[in-house]
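Shared between the two complexes below is subunit A, which pairs with subunit B and subunit C, respectively.
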Partner chain A sequence: MNNDPRQITLTEWDEHYEHLQKKGLREPDYGGVLSRHVGDGNKRLLKLRYDNSAAALRLWNFLLTEEKRLHQARAEGKKIVGVMKDLGTVPVMAYSLDNVAAFYPDGAWWIPCVMEFGAGLLEVADSLGIDESFCPVRAMLGAFITESHFPIPDKLICSVGATCDDFSAIAQRLDALGYPIMWWEIPHRRKPESDETAVKLPGGGAAPKSQIEFVMSEFKRIKVVLEELTGQYLNAEKLSAGIKKANQVRRCLAELRNIVFTAKLCPIGAIEMLVAEMLAIHFCSDQNETIIVLTELVNEVKSRVQFGKGVLNADAVKVFWINPVADLQVMNLLEDCGGRICGTEYLFSHALDLIPENVPAIEALAMMALADPMVGSSVDRAERICADIRRFGSEAVLISRIPGASHCALEGKVITEAIHAMLEVSVLEIEVPPVSDSIHPTLCTRLEALIETTKRRRTK
Partner chain B sequence: MICAGIDAGSRTIKIVLMDAETKTVITKGLIDQGVEQEKLVLDLYERLFRDNHLNKEDVHRIVATGYGRKIINFAHATITEITCQAVGVHHLLPEAMTIIDIGGQDSKILHLDKDGKIRDFSMNDRCAGGTGHFLEVVAKRLEVSIESLGEMASKSKTPAAISSMCVVFAETEIIGLLATGKKREDIIAGIQRAIAQRVAAMSCHNGGFPIAFTGGVAMISGMDTALQSVLGHNVIVSPYPQMTCALGAAIMASSESVRARL
Partner chain C sequence: MKKKTIIYTCPYVPAEWIAAHGFCPSRIIPKAAGNPIVPMEGVCPYVQAFVNQVTTSREATAVVMTTVCDQMRRAFDIVTSSCKLPGFLMNIPSTWQHVGAQKLYLEELKRFGRFLVTLGGKTPSNKFLTEIMLEYNNARSSILAMRKYLTSSQYSQTIATFNRDGKEAVSWTLPKDKPPMAGTSLAIIGGPLLEESFSLFDEIENYGGRIVLDATETGERGICGHFDMDKHQDDPLRELADTYFCIPDVFRRPNNRLYDWLKEQLANREVRGIILWRYMWCDMWHAEVHRLKKWTELPVLDIDVNANEKGLSVRTHLRIQAFVEMLQ
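And now, the complex of A and B:
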């Protein structure tokens, strides 16, 4: 453990990196000083504060070298699969095969954010008729056209049905531009009728058996496509092994979340936790390395908790954060205002739950896919959020929205009302654009007010 | 022992000087906001002391609030306008369970518990619809003073239907309504109703009663009745609606001073 855990700037990291190197820092091949990523155009990194541990350094370097890793995979002759819209099930299938790198092209929505619009991806989307009235994930179109970020995948697999309309439109535009997509359907999760067989889903909730069977039939189609692509047979044994490995990642994350969100002193900041949680979706294009990165992080926070060390004040207000944020700086801002993250729901909470290992692999994956918060109602999502708020003892809730992005236009209202009906915690909804500098005073006022309000309620 | 509450709002700066022990207001003042915010605050602050023959050395604590709170370097602490507004209104109207605060450039709804602590709040500050600025634009476009808006609206028999809450588009709509011969009082009444609807949509229906109405816009007659009509509930206009936030800051400063002395 680092003796003095704290959050530092990118410039401070340069100096700190030298210090760690002198002390014998051992790094993987993608390691190095963090500030070099600014040279790749990631200007936003200059404005963030980072954890000063070697584990966090490895996490950031892992995240920021994904594009290089994908290009390297292509050079090594691996098949590259773009898994679109689905968060955490098809990647498990893909990584069950040898010589495959699966990634999440939708993640390109973050490129304009970290590059402060310098990548020109949104302009490309504009020119293709997908303007700012669409979700920022339209940046993905620009990334495909410019080929300046990820290599064009050998196969694109995308879910449709109970997914967001904006994304479906963007993906259809991509298909029409000559990037053929293998579509699979995910139905809107509904509650089983009284005369239907109900299947309990991971993370709570249930779905009718008929829906599970339907998704299983879709996954069988995907299986065939992956087999044809790789020339390998994706048998039950391989799939089960893939699930076991994915569960290793999920166990690491569950442990990390549990330690961090329940610790008396916050052992690591919000941004690192967000980055770590995102690894659950597609393993940042390297499943084995994901496990190593997360294990180091778990060890770091464990030791900090053991020695009573933290990066934020002891009286920081425990905030439950809902939805990913476009500008990471706002997570730092919440910490500046006196908050800490204790609980999150970034729309992929199902990817954090263990995949059942006691049922046939395809069935287990179908159950996971139907547990996706995005394919069910916002009320279901709110129920899970409330359960996690209780579990982690969160004192306040922050719902973060991204302009133009709405998985459910009314989700904020629905979730707020559900929380108010079940719990006595303050809920604040904010809208954060990709570059939020100009509205920092406004955001600051709201966040400070949430913290003040919660602290005053503590004295009840 | 004097304590001060300074509300550096988006349109005006307000200062309340308070006797910390008795929690009574010694004096209060207000000036328009401007570019040199801290200088304007200092000018008003000094003027209040000078005009009331008070000594600045008797000041124990200053709390700054409002959008410009962070640039008031001589304040001992900053507290958001949300907390200060709740404290100020609760002091004046302890029975209030919901506060509607419409200021120059934002509007807020605060839900309080019986002790006056905030249960929840929501804010509109990304759009001028539902703020005092909207009324300023309307007054200018209709060539009337902002003070006369309420009186004119009260003469309306058939308030105009305003469909747009974007200030720019609403202005275009007003031009269109004038061109069709719609009376100014009907347009004003329509605008007041539209603002009330906008504010009420911010979770006003989820709060407790009674509802207190504060902020600069509460001083414009007709707005309270527009809100009452939309909400279907009585709305109590807070005393000194422009000053309640500064009052809350002064109370918080006083409480802290008294606590520190004990």
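And now, the complex of A and C:
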């Protein structure tokens, strides 16, 4: 058995799992052979390639058992909070309380991919008039109606204002269908004017103090709602402790990203990194376990880097990836074409930045919420992306359009122009549906063109 | 001397506030962008048309865009990078049910006022703002009273003309006779209309129908309520903000006020059928089609205006004709 770091198929994982077990693999209660998740209908897993480490196994098992974890939480009497759209801020508040499990129903957008449309969620959305002209997040509507995935939350809290129209429109339908939503306003982030006090935001950028104060007032409303739901008082100490814990997760991720994106040899594949980053937004419904899972990953990649081991060719082109991809397999595809991910902006970079601990907790959260790349202009977003490209030494940029998403039609042009104005890197825009098999030849051609062009640039 | 013009399209931008600063407010009605200056795949035709008009405008001093729609919010980046026109992006809260959101809107109006001052405008006194508001109050009341004396096309055009060119451009002389009130009573609801879309009203009359409620953004729905100047005597701006903030729209969260408003209007006008006018890629209205059909007992015709059509497509004509005939 080859124990060197490499990417293996699900079938190969079965054999490898036995081998790891014989070597004394220790797993948490949600552990087990990966292929068992295919039995739950997750057919896409059969077509992906995975990292062969025990740390990656734990990561995947953690991700793929989240629904069970949420049902378990309900059975244990915990309150279930469905946080929507803000991607990373309100869960910090929710997890500051005891007996709460908070998650993003938005995450259902990957179900059509992972189950290769087998769940029928898009058909349900279709039947409600939310057709394919909307972003795949419409699967969320189907997940609520069918009640066959996550438990229906006790409370739904959704940000609205400077958000994408798809999500806002779908959430409104959900509200009208009898799933009442507590709406909170996130204003469009603007640059402070000369006569305004500016507040520096995590991750760079700034917002006027008045906007911070407004968002703080919104978080105070949310705080009351959470307190009423749980019967607990969410005082400043609890909230600060919650922020510290969230920062533990963010520090782990920052270390992981830094090691992986700057390593000479790519120590772990793009899919595992995407899954790891996703843990930041709501901790996959278990904050403590998230820290353990990420720590194991960090240790694994550290060891690989130390011993000069990697999973991809040494000459792989360093690609910066923008937007989450609707079909996870395309990340494998990029690697097949000679690329590796060195830098990402999956719409939630604000969930990766450390939350300030030197200001009052509510203010710190308001700063986080306003640092969301989606609530400001695409030009601001491009500036942050360029800073990260420089930091990680990315050689090319891939903008992954989300089919139907209201923001994608306009942001690609703005971001591309901004990147070209600041850096000499190639930018490619692709659109990826939830299951992209039928367009793989086209995608491969475009990805190969990006890789070849970038390699040619190296030699000049 | 001709006043400088501030162009915009969103009903939440108060014309009175612009006028009180010494500018000419113009809520433009864009022409369909047959050849978009900035081709953008997946962008709503109205946004494309607006971008086209703004980036080629020679008369405007500045443009105001708002956040009521994500594509319009993002198009602000395109506009400001494509032309030299000064731009202001006004944040319109989606939520409305708490004081904080209303206050946010009021603060945005004040910030907008400061922007207008940078363009050479003058901060209005309360007295002057009140005068302007009363002027607009009267003009709007007169227009609303004209409904029974005009054809549906004339009425909707009058509203649009007033919003674009001011009261001087409106023909205040009423026809001697009321127009025939024959035809099946219909409502049109949806987003804003393009200039070419106004032919729709006459077409509907040709088919035997009559629009008795123009609930598009360009029509009656996009008109703010009547100012109560006694309510905030010393603070007319607050009255302005409170009144404009109540305009019902689909983007509001929750948007039940739109349905409340529609319920009342549909009953008052004895509407027998609804035409929902929406643009391709407009998620806000698209998502409401199914809900609207379930909500009302009236037949609903869903018209999706795709691409940058100059005028209505044959398909759209035929669908409207069939809809009107079905109701007769």
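The rule we apply is simple: the second predicted complex is superposed on the first by the 455 of 460 C-alpha atoms of A that agree within 3 Å, B and C clash if a C-alpha of one lies under 4 Å from a C-alpha of the other, contacts with A are read in each partner's own complex, and residues count from 1 in each chain.
As a convention for this text, contacts are C-beta pairs under 8 Å (C-beta built on N, C-alpha and C of every residue); 3 or more make two chains touch, one makes a residue touch a chain.
Keep in mind that this is a model prediction, so the values were computed, not measured.
Chemist: Could you let me know whether more residues of subunit A are touched by subunit B or by subunit C?
Modeler: With both complexes superposed on chain A, more residues of subunit A are touched by C.
Chemist: Applying the document's definition of touch, where does A:166 land relative to subunit B and subunit C: first, second, both, or neither?
Modeler: The second partner, subunit C, only.
Chemist: Classify the contacts of A:420 with the two partner chains as first (subunit B alone), second (subunit C alone), both, or neither.
Modeler: First partner only.
Chemist: So, does A:181 touch the first partner subunit B, the second partner subunit C, both, or neither?
Modeler: The second partner, subunit C, only.
Chemist: So in the superposed three-chain picture, is A:429 touching just subunit B, just subunit C, both, or none of them (first/second/both/neither)?
Modeler: first
Chemist: Have a look at where A:71 lands relative to subunit B and subunit C in the superposition and call it first, second, both or neither.
Modeler: Neither partner.
Chemist: I'd like to know which partner A:445 touches here: subunit B for first, subunit C for second, both or neither.
Modeler: First partner only, subunit B.
Chemist: Let me test your reading of the model: by the given contact rule, A:302 touches which partner, first (subunit B), second (subunit C), both or neither?
Modeler: The answer is neither, since A:302 touches no partner chain.
Chemist: For A:209, decide between first (touching subunit B), second (touching subunit C), both and neither.
Modeler: So A:209 meets neither subunit B nor subunit C here.
Chemist: Find the residues of subunit A that appear in the contact set with subunit B and again in the contact set with subunit C.
Modeler: Dual-contact residues (subunit A): 417.
Chemist: Once bound in the complex, which stretches of subunit A touch subunit C?
Modeler: 128-130, 133-134, 158, 160-166, 168-173, 175-176, 181, 183-185, 187-188, 190, 193, 195, 210, 214, 217-218, 221, 377-379, 404, 406-411, 413-414, 417
Chemist: So in the complex, which bits of subunit B are touching subunit A?
Modeler: Where subunit B meets subunit A, its residues are 67, 70, 79-83, 115, 117-123, 125-126, 203, 206.
Chemist: Subunit A touches which residues of subunit C in the complex?
Modeler: 38, 40-43, 67, 69-71, 73-78, 81, 89, 91, 93-95, 98, 100-101, 104, 107, 111, 114, 251, 253-255, 280-284, 286-291
Chemist: Which of the residues in subunit A end up touching subunit B in this complex?
Modeler: Counting only subunit A, the residues touching subunit B are 416-417, 420, 424, 426-429, 431, 439, 441-442, 445-446, 448-449, 452-453, 456-457, 460.
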